[in-house]
Each structure stands twice: as C-alpha cells, then as structure tokens.
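What follows is a set of structures to go through.
In the two complexes below, chain A is the common chain; its partner is chain B in one and chain C in the other.
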Partner chain A sequence: MDRKTALIEFIKNEVMRNKNAKLDENEDLLSAGVLDSLAILQLVAFIEDRFGIKIPDEEVVFENFQSVNALTSYLENSH
Partner chain B sequence: MARFLLTHAVTAGAERSPDKEAVRYSGNSLSYAELESRTNSLARTLIENGVSRGDRVGIFMNKGLESAVAIYGIMKAGAAYVPLDPFAPVARVAYVIQDCGIRHLLTKEAKADQVGEILGLQSSLECLIGLPCTDQPAMRCLSWDDACAAPGQPLANNLTEQDLAYILYTSGSTGTPKGIMHTHRSGLSFAEWAAEEYGLLPTDRLSNHAPLHFDLSTFDFFAGAIAGATTIVIPEALTKFPVNLSKLIQDEKISVWYSVPFALMQLMERGVLDSRDLSALRWILFAGEVFPTKHLRELMNLLPHIRFSNLFGPTETNVCTYYHLAEPPESDDPIPIGKACANIEDLVVDVDGNPVPAGEVGELLIRGGVVMKGFWGQPEKTANGFFKRRMFNDFDDIFYRTGDLVHLDEHGYYRYLGRKDRQIKTRGYRVELDEIEVALLAYDDVEEAAVYPIPDGQGSNLIAASVIPAQGVALSEGELVEHLGKRLPPYAIPVEIEFASDFPRTSTGKINRRELQAAATQRRQSAALSE
Partner chain C sequence: MIKRLLILNGLAAVGAVVNHAVVWELTAIFYWTNRYLPPDGLTYDQLESWRLFSVRLIDQLVIFAVFAFLFISGYFIAVAAGREQRSIAWKLVFHRIKFLIIPYLIWSGVILTFNLLQGKTYTLSELIKIILLGGASPPYYYVILLVQLYILSPLLVPLARARWKMLLVVTGLLQVLTLAAYYAGIFDIEMGRLEPVLVVLRDWHLIGYAFWFVLGMVIGFHLHDFRPVLIRWRWFLLCGLVLFFLIGFIEWNVIRQLAGRDWISPQTIFFNRVYILFLLLSFVAFEAMPVPFATLFSKLGPKSYGIYLVHVIPLEMAARSLYHIAPALLAYQFIFIPILTFAGVGIPVVLMEIMNRSFVRRYYKYVFG
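Then we have the complex of A and B:
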C-alpha cells in the first residue's frame, strides 16, 4: 500500500472512525474540522511507526498537514 | 458618548480613531470605521429580512473578519447572536437552532454541505446569509456582499442595556445543550471590568484564540473594543499547531493572550517558544480549566517578563473571580482562583443556604451585573439556578449559584475544590473527583490526569482515571496506586487507571471527561459480558 492510501485509510478508520467516510486527498483537513490536536498527534505517531519517519516538532505545522496531498509531498520531499 | 450597549464600544472607536485596526485575520483587517459601517449595513439587512428586537440570529461558520461583523451586526439589529460550533455534529447544531427558535443564520459557502443537512433536521430557519442559493425554494438566501451593501449609517433604535445580546449553548451536566442568555449589561459588566483590571490600551493587540461559542471570546472582542485595541482572530486551523501559533504571536505582536491552559501547555511543549521573539507579550490570561501548577511554573519560568492571571467563572457569570500571579508558584498545590472582581458580590453558603464561617467549604454564589439573565426556554432551570437573600420584607437580593465548591484561604483568596456535581458517592463514601485529579497530578511523571465515575452495575459508582505520562516515561498502575495511597483514603483510589498519549478534548479545548467516561463504561460492560 502506498503512503497516500495508508494515510487515507488511517484517517478514515482511526480519526473519522468511519470506513465509508468521503475523504478527498485535497480536502482541507483543518478547516473541515477532521483533524484536532489529538488526531494530529495520532497521525504523527502513525507515520513514525508505519513509515519509520521521525517528524521533528518544528515540522508539525499547518502547511504540512493541511491535506493528505500536502502531507504526502512533505514526506516525499523531506524523507 | 454613553456606553450601555456592547455595540457602543465600536461606534465610539470609529469616532475616536476611525482608521485604527479593530480586527485582523490572516493579514487582512477592518478598521473601526469599516467595522462600524459594515455592522450597520448588516443590521439594516437583517431588519429588512425580518429580524426584530429580541430575535436570535445564529452564526455558523469558521472564524474570519466576518466573525466581528456578525456579532456586532446582529446586536445592532436588536437581536441576540447565537454562535454555533462549526465543527459540532449537524444534529446538535440543528437541535440548538430549533431550541432557540433561530430563523436567520449567518454562514459561509464552505459550510454549504452541513447547512444542507441541517435544513432537513429542523423547521425554524427562514433566511440564510452567506449562502447565495440552496435548492430549498422557501429559504431566503443572500450573499455576504449583498448583506453588507445596505447603507452604513447608524440605525435608530430603542435598545436598552437589558436587551439580550448573546446566548451561549453549553452542554449541561445531562448532555443536553442549554442556552445561557446574556444581556448587553452582563456582557459590558465583565468587559468593562476586564479592560480596567488588565489596563488595556489602544496599542494592545489581543488574541482571539477561543471559538465564538466559548465565553472567553467575549473578552477578546468586547474588552478589546472598549479599549480601542486590535483583536487578532486566530484561524481554527492554526490553534492545532503550536509551531504556527507561536509564530503568529510573534509576527502579530500579540500583547495580551487569553486561552485555556491546554493551549499554553501545547505551546510550551511543542511551540519552539525559545526561538520566538515574544517581547510584545505582556499578559497571559487563562481560564476554563485548572492549570496544572507544575506546568504553569515551567511556563512562567520560561517567560519571566510576562504577567500571568487566572480567570474563573462559569459561563453564567462570564468571569467572577481572578488571581494575578506575582511569582511562579513554589509548591505543586493548585493555585487560588483569587478574589471576586471589583463589581461583584460573593457569598459562600452551606447546603442549607446559610453563609459559612470564613475558611469553611461551601458553594460560591455571585451577585452583580455580570450574571446571566437565565437559561433560554427553561424557566424552572433558571429559577433553580438562583439563590435569594431576603433583605427587606418584600425584597430579595438575587445571587447565581455557581455549583462550585470553594473556601477562603488565609490570604483572603478563594481556593477551588471542585464542582458540586463532581462530588460523587462511591460505596457509601463521598468523594471529590477533582481532588483525585490533583493527587495524580502531584506525581512527577504524570503530565495530565482525568478522573470520572463509572457505574458499578449495582446502582453506585466506581472511580476510574486516565493518565497521560510525561514524555518518554513508562508509568505503571501500581506506582500510581502506591502514590495515591499516601494521599487519599482507600475508597478514593481509582479501580482502574488507563494510560493514554492524549485525551479527547471538547471544542473549547477542555478535557472531555464525558467521552472518557463513556469509553471506560463501555469497556467495563463488554468485559463483564465476556466473563
């Protein structure tokens, strides 16, 4: 499973708790209220665990987590 | 000019310093003159579309410059604004709209999907502003541009300080939202006190971190406008990222910060504060929850040039007590909630309603301009919320019953002991759940703690706890039980302590104990079934 699919599955199953939720890869996860503080920490832990990528605190920023696409391109460019 | 309505602060600002920035959002701003004229236009449009004095007008949108336009525009139309949590489940939003009889809703196109769902779940709405069209022919729809195109001259009306200004819905202890009604007078009583006590100046730049449906936002908008200061509305998205947030505090040169303690703890832990220039910041105010003392001390040591103040009060009284911290606290004991605001009378009574001797525990009662008018549509609940003190044969002083247990310490400051309704019975013993949280927090490796009752299946309660360990520490249930055993009677020790990396939070940033409680109850029930 590629990273993008894995992230979408994780957000649907663990964050939105709804396998059938609609989640567009460009959707603004923050303005739509999908991600809250707790979910962001869960997502960071998931990425570190699943992809073996350590995300420093300074890089946990809005610009990198705004959408699934923003997150995957951040992960590709920096790791 | 006279000031007896919340909106007068904006009008006065526009006369005094028309070009001064009143509100900023994401680099855009409205001057006091622009805010004055735009809110007059919106008020005119609302009235033309059927809003009359005493109506309730909903606000359902993410934050922006329009937040300020909406709250003042609605009040200028003679109505009360009702902020709806933009991230709440649609069923809850629809419930509030129906309960409060909201006919007009201010929203944005980004909320079109949710508004569409809401329309099917209630029968109160007649007019939408900010959504130019829907497929519902009966619904009157206008864009924001149209709504702000009406003439911007002041409106003539006969409003008084007793008119309703805003209604804030909070989840009651039963989980059904209740609407807390505030008047222009109750809002002003708080905002005028706050502007004075914190010495707010036109040069100040106030954060607006809290959502509109949380009463902290009334300080940001109302006290800010009274001072002629600038309010910086923080996008919801940035409140979730401490690194972005600390940069915003630096770049916007915020001078007065107000939020729940959790936001400050996040900033301290992950907000790279040591690499930011926070020299403009002079006050940090916090409210809404207890600030764990060890974290507060750490933050105060990190930012020695900033003054800190703890504000306290249920939404029903805006704020009723406050405590300025001169020095970082020495011990880990909870800090005081302080003394009553200058324009408030405080009284502590026992269960029979008799005043307690100084220093004894009792329920805090509050009298003064800050107190709400009542709960929307719930006369019985409103009556139960007030306490009457007989003064003369046919005259009573009326106090609001906060439901908070306090006692006065030797320095004349109130100490908060917990909610009356957080006092539970377990196996016949009376227990303060908040006291157990304090005991857990006193353990070095405990970052945060939440304690809540779970039904024991036999009509009584068991106590359960959730704990966030300090970063990188492995805690065991055994060591915590041992620690609690030294501080609490055996019956007050939780039967289960669950460890978590973070807690669910409410939309206002408080620990969501109800959700933790529901999950623990469910775990226990399914465990019982599988036995």
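Then we have the complex of A and C:
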C-alpha cells in the first residue's frame, strides 16, 4: 500500500471513524474540521510508526498537514 | 516533542480524574466518617491527620491537568496557523468549537437528567445559566473556558507571533491579579468598591487561565528559539520543579491555616502555578527522557476530552456505591482513590470503545469529541 492510500485509510478509519467517508485528496483537513489537535498528534505518531519517518516538530505545521496531497508531497520531498 | 504532547495529554486526562477523585476522598474524610469510624468518631477529627496531607500530596502531583490541556490546545493553534498565514481560519475555529460544544451539551444533559431523576428541579433560566457557565458539573468550566480561548485565538495568533513577550507578560500579570483576588477571597478581605472586580477576576476563568493557552501558542510558534534555551536550562528547570512543588505544598498549608479554612483549592496558590510552569517547561526540555507507561498514556491522549466529560458520572457512582456497599473501604485512601480513578478512566474508555466498534462510530466525535 502506498503512503497516500495508507494515510487516507488512517484518516478515514481512525480520525473520521467512517470507512465510507468521502475524502478529497485536496480537501483542507484542518478547516473542514477533519483534523484537530489530537488527530494531528495521532497522525504524526502513525507516520512515525508506519513509515519510520520522524517529522521534526518545526515541520508539523498547517502547510504540511493541510491536505492528504500536501502531506504526501511533504513526506516525499523531505524523506 | 509532538509525540510527547500526546503522552502529556494522556497523563493530564488521568490527572484530571485523580484530581476529582480527591474531592470524593475529602468527602469521605469530612462528611462520611460515620460510615467507617466508631459512632463517637468526630466528623472533623481528621482535619490535621496524615490522611489529609497524603491526599493533598496526591493532588499536588496532578494539579497540572487543566493547565496542560490548555498548553496543548494553544500549541495546536500554532500548528494550525502554520508558517505563512496571518492568523487561523474562522472556519477551523468553528469546527473545533462544534466538536467541543456538542459533546458538552450531551453530557451536561445526561448529568442534569440524573439530577432531575433524583428529585432536583430547575427553572428555565437556571438551566440556561448552567449550560452557558458549564455548571452541570464543576469540571465543565474548562469547556466554556476553552471555547472562549478558541474564539479569541484568531486575534491572539498575530500577537503570539510578533509580540509574544508582551502577550506572555500581560496574560501572566492577569493571572497574578486573579490569584490576588483568590487570596482576598480566602482571607475574607473586604475590598469595598473593588469587590465586583474581584468577583469577575475569580469567576471569569478566562482571565486567569489565558496564560497557559498563550504559552502553548508562543512555544509552538517559536519552538526553534525556545528549544535550545530550555534544553540548556533543563537541570535548572528540574530543580525548580522539585523546589516549587514543595514550596507550593507548604504555601497551601500555611495559607489554609492562616485563613482558618479546612481546604482551599490548590490551583489558587501562587507557587503551585510556578510549579506547573516548571513542570510543562521541563516536559519540553527533557524531550528525550522516557515516560513510564508512555504507550498507555499516548493511547489515552486522544481520548482525553471524552474522559474529561464522562468521568464525573462514574466517579460519583463509584463513590456513592462504596458508601452504601463497602463503607469500610472509605477508611483506606490508597484503596478508595485507585478504585475511583479506575472507574473514572475505565468506564469512559469502555463507553468510547463500544461506540467506536458499533455501527454508529461515525458519530463518535459528536459524543466524545
């Protein structure tokens, strides 16, 4: 499973708690209320555990977590 | 550090439950002694006993809970604001508040329904006041406080970015003013015309607690600058943490005795606020230090709001059940408090798991946040 699919699955299952939810890859996850403070922390922990990627604290910012595409491209560009 | 915030949140969730279990322990100490002491046992004879001081010690360990929640919420605002945005979107604030308010209304409704079933009555205006002020249960003041801070956050973000020192000083001074108002209340000092101001300072939690939210925001925005300083001073922070833990503990008892009170809220003690500050900064500074039961606490972290909202119900049920079924246990603090804590954390977590595994799990956020 590629990173993007794994991220989408995690967000749907663990954050939105709805496997059948529609999740646009460009959707603004924060403004749409999908991600809150704890969900971001969960997502960071998931990325570290699943992909073995440690995201520096300074990189945990809106721009990198804004959407699935933003997060995927951040992970690809920096790791 | 980010992952440690999840652990801190879990620790704070358990801390909040212990903090409120202490209230029931005090009830057992002061009002329920007839259930476990001989008939001639005086109700207040435990006032200066080891039991009171050990419960205070337990309380001292966990009084950081709400301050940690506020710190983490403030840090999140910094994350949500990002590097380039001038502030955070109102839409984000709206969604955040939505998932705070709806669960809050549900659980306030549950508590009020329990109260009605027990014969309590409310007028419509009383109900409105309870909902607006978080009055269904004493810990619910936190929800109203957090909502106000989120509403203010779009205005605070530019200040936390550009004028963070001023913002910290102003909110810090407001906190000191609030503590002064608490002290005036503890010592029954009449302030004449200033009395209404003191009432506002004491009752409007936003004034005294904003500092902790702002601190989280400021550290979030300026982590790059703060981190090396905090790491360099980490041993100083740790020493300060231990020192102020003790000073706060002593100050509480001195003030309590001088004021002739049985109990005063430890959160209203100046040096306890200093101790909590050192604790949070130490948590950031010692980011590589492992936390015992880190996995457990990081699993509880995301459930913290649900635990916070629900725990008051199982706490009360467990305490009252023990009063009726096993009153002898009320005499044993180190059994009574763990049972309450286990119920206060365990029952909400079980309820959350049941909902999470049910066909209505998509509505989970509306019930537990």
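Rule of thumb we're sticking to: the second predicted complex is superposed on the first by the 79 of 79 C-alpha atoms of A that agree within 3 Å, B and C clash if a C-alpha of one lies under 4 Å from a C-alpha of the other, contacts with A are read in each partner's own complex, and residues count from 1 in each chain.
Criterion: a residue touches a chain if its C-beta (ideal position, glycine included) is under 8 Å from a C-beta of that chain, and two chains touch if they have at least 3 such contacts.
Predicted model, so just to flag it, every value in this text is computed and none were measured.
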item	value
Which superposed partner A:18 touches (first chain B, second chain C, both, neither)	second
When both partners are placed on the shared chain, which of chain B and chain C touches more of chain A	C
Which superposed partner A:37 touches (first chain B, second chain C, both, neither)	both
Partner chain in contact with A:48 - chain B first, chain C second, else both or neither	second
A:65 touches, of chain B and chain C: first, second, both or neither?	both
Shared chain A contacts, counted only where both chain B and chain C touch the same residue	30-31, 33, 36-38, 40-42, 45, 57-58, 60-62, 65-66
Touching residues (chain side chain A, partner chain B) in the complex	28, 30-31, 33, 35-38, 40-42, 45, 57-58, 60-62, 65-66
Sites on chain C touched by chain A in the complex	1-3, 5-6, 9, 72-73, 75-76, 79-85, 89, 91-92, 94-96, 98-99, 223-224, 227, 298, 301-302, 304-305, 356, 361-362, 364-365
List of chain A residues in touch with chain C within their complex	16-18, 21, 30-33, 36-42, 44-45, 48, 55, 57-58, 60-63, 65-66
Contacting residues of chain B [partner chain A, same complex]	62, 86-87, 110, 236-238, 240-244, 262, 266, 270, 272, 501-505
